[in-house]
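All chains are identified by letter, namely A, B, C and D, in their written order; residue positions are counted from 1 within each chain.
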Amino acid sequence: MASKIYDSASAALDGLLTDGMTLAAGGFGLCGIPENLIAAIRDAGTKDLTVYSNNAGVDDFGLGVLLQTRQVKKMCSSYVGENDEFMRQYLAGELEIEFNPQGTLAERMRAGGCGIPGFYTKTGVGTQVAEGKEHKDFDGETYILERGIVADLAIVKAWKADETGNCIFRKTARNFNPPAAMCGKICVMEVEEIVPNGTLDGDHIHLPGIYVHRLIQGQHEKRIEQRTTRKKEA
Amino acid sequence: MASKIYDSASAALDGLLTDGMTLAAGGFGLCGIPENLIAAIRDAGTKDLTVYSNNAGVDDFGLGVLLQTRQVKKMCSSYVGENDEFMRQYLAGELEIEFNPQGTLAERMRAGGCGIPGFYTKTGVGTQVAEGKEHKDFDGETYILERGIVADLAIVKAWKADETGNCIFRKTARNFNPPAAMCGKICVMEVEEIVPNGTLDGDHIHLPGIYVHRLIQGQHEKRIEQRTTRKKEA
Amino acid sequence: MPWDRNQMAERAAQELEDGMYVNLGIGIPTLVANYTGDKDITLQSENGMLGMGPFPVEGDEDADVINAGKQTITELNRTAYFDSATSFGMIRGGKIAAAILGAMEVSENGDLANWMIPGKLVKGMGGAMDLVAGVGRVIVITDHNSKSGAAKLLKECTLPLTGKAVVDRIITNLGVFDVVEGGLRIVELAPDVTEAELREKTEATLVA
Amino acid sequence: MPWDRNQMAERAAQELEDGMYVNLGIGIPTLVANYTGDKDITLQSENGMLGMGPFPVEGDEDADVINAGKQTITELNRTAYFDSATSFGMIRGGKIAAAILGAMEVSENGDLANWMIPGKLVKGMGGAMDLVAGVGRVIVITDHNSKSGAAKLLKECTLPLTGKAVVDRIITNLGVFDVVEGGLRIVELAPDVTEAELREKTEATLVA
């Protein structure tokens, strides 16, 4: 099989970036984000991005980097606190935001990746989120129709992958990465370590290689957003 | 926490069985089926069951056992070959069958478990399966509405579980077990081995214990339906 | 004497039963975990963890183990991890027995507003809309009044809603209230808080 | 001379490209795996396996490792397992490049019937409806005519459909056909099969 493995984030993104494209990104806060791919997109200067991502990073890290360079036209997220530049651009009308409830966003990504163009949910009924959406009753309860997301490109981060792209995530760094990977027409994955085929147990794989089109081993800062600790018990 | 672990399949089902109830069962063919729980339901004699299960077992094993005792009123399945008694009861009008495409059935179970009462799919459009279902166009393509399944009881089988019901499946014996477990109002799980908490790696768990209400360690025949082999290379 | 933050959390912990799966919001709700005593409560964190442990001791922080507030935490010997779609499947599917959340405003019919102040605070709802729509029981912990003294328990919310008719019980520094037909029923008052004082500080209809 | 089962499978294997993810149906399609040569094809089994290996040697059968035909198989060093909802998510979501399936009838506009004969054969569609609706390219392998000599490539199917306008290419013992505007286009004929013979044995409109 032609190798999925590329030497660098820039090489892995070569030919995949176009102004105005839609992007799905994995990660929750700064946990499990595709740091290397974000940096490569910044360097490529791709403009007018619409980004599906639960969060928008912080000012100088994560997707915040692409906000600073004004490469993002619209964010579709559930939570964008922790980012002053975001707030500034939004309140100045320079950036669009579509708020999605977190679970709705995750399910929209999975649905898009699974060939499901729409599903009904109770989440958001009676709120701003429901405005303009189809309402339908099932068994006496009201639900709204939410659409599956198919993004031009998914950028995601895993812990380890074998050469065919089968990958495993580590603890809560899994988060949005699998649904984001699924919803990309093309998915580029960065991992901490590429291991030979045969290293990973087939029962441990969180995301089968079929979802991964290109793969790089990256360097990861893995910044902690809220360092909280307790006293060691004596 | 009150223990989820019961001594026997019958004990685990105590108080959960009522005539006319709906049941979701895991397994694919005879692989990964809840053998012990099926036997206990046979012994309990619960009648007029509606069963959501991909297959109906063979004549003397798997769900076929409940067909022989005439405990099943209706099957909702994708494939019921390999079962003469099923065919006989069906052609004689003694048994109802609702055929679901395999992927639609799996997704209906997952959806029901995930609070999604309905989703759209292309599968079955233009076929008998689409008759009487709502049709809707998304981006120029036609889809049909399928409903989430919520069953009164799910009976499933895993390989190992810890004391809180976190469980792992083995190879292709996973199949319908996770979605079936999710869609049960109550889920009773049988496993080959119950292990102490701390034995399973949190990243290896396929189905978190929140989905498992009662748990037994069973004896499993694990019958092979089609034994196929190749010659050993010299 | 009104309850302080910790007393409110302690009171909220009484709502939880042994064996429950629970989601705790950011802020005072997080403190509830300190008061569950002998009860075996399993905490779900919506970023993909069931069985959340305490904060790590210094030096043991792991960037890959955080809670929904992005704080470093630890795992237990029965922790399971999963992706966000699965996590909210659990929440939306009603598998979580209870959520304890903060509030900006609550209305007497159980509407909750806690995610946005138009033109001022634009952070987003995170997982709150999913939680209030999906979990078995929604318990709100909030100060009874805002810092400026304004009522937070209202006839109708003025801020954009997180969910409509979703709150079951409210715990404030002044007492405990259930959302019932016709308004809020007083379940309990904090020590030395009088019904007269409560009525003065509450806009929502109070019923006996 | 018409192709035999193995030659049909060999011809079908030419449809597959290096690196493809493919689903093979039960029967002749299963044989395609024997003819992929140097091409690295990853076989998906819809019961929850990506990277399907050959049958086990005797004594190595594992009841937990079966394919969608319920046959014992083996895993490879890059096999991944998953549940049925995920498996069909992959299929429905268009992640599988091609499916090779058997047929009872195919119509000239690409309708496929392969799951039911009313009143006689009631086995069910299994995963076939999902596959034809979801995968990138649907290739059918079938005898050109039934045992009684009846045409199987028809103007319209008479049996209940598995999918409407879903077939891209048909490989029979007599040749290879593409579903195009106006009917079936002859791509290739088996050795010594004449177009006249083909027309006689085909009900569907054949276009050049």
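As a convention for this text, a residue touches a chain if its C-beta (ideal position, glycine included) is under 8 Å from a C-beta of that chain, and two chains touch if they have at least 3 such contacts.
Here the structure is a predicted model, which is why all the values come from computation and not from measurement.
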{"item": "Shared interface partners, meaning chains that touch chain A and chain C", "value": "B"}
{"item": "Greatest separation from chain A - chain, by CA centre", "value": "D"}
{"item": "Which of B-D and A-D has more C-beta pairs touching across its chains", "value": "B-D"}
{"item": "Centre distance in Å when chain B and chain D are each reduced to the mean of their C-alpha atoms", "value": "27"}
{"item": "Whole-Å separation of chain centres (CA-atom averages), chain A against chain B", "value": "32"}
{"item": "Whole-Å separation of chain centres (CA-atom averages), chain C against chain D", "value": "54"}
{"item": "Separation of mean Cα positions, chain D and chain A [Å, integer]", "value": "35"}
{"item": "Contacts with 2+ other chains: residues of chain C", "value": "49, 75, 81-82, 88-89, 91-92, 133-134"}
{"item": "Shared-contact residues (touching 2 or more other chains) in chain A", "value": "107, 110, 114-116, 121-122, 169-171, 174, 202-203, 206"}
{"item": "Touching chain combinations (by label order)", "value": "A-B, A-C, A-D, B-C, B-D"}
{"item": "Chain A-facing residues of chain C, complex", "value": "45-49, 54-58, 60-67, 69-73, 75, 81-85, 87-89, 91-92, 111, 119, 122-130, 133-134, 160-165"}
{"item": "Chain D residues within the chain A interface of the complex", "value": "18-19, 21, 40, 42, 44, 49-51, 75, 77-82, 88-96, 133-134"}
{"item": "Chain A - residues contacting chain C, complex", "value": "28-32, 54, 77-82, 87, 90-91, 97, 99, 101-104, 106-107, 109-110, 121-129, 159, 169-179, 206, 222-232"}
{"item": "Residues of chain A that touch chain D when the two form their complex", "value": "1-2, 110, 112-116, 162-164, 166, 182, 197-198, 202-203, 205, 208-211"}
{"item": "Residues of chain B that touch chain A when the two form their complex", "value": "107, 111, 114-122, 136, 138-139, 141, 143, 147, 168-171, 174, 202-204, 206"}
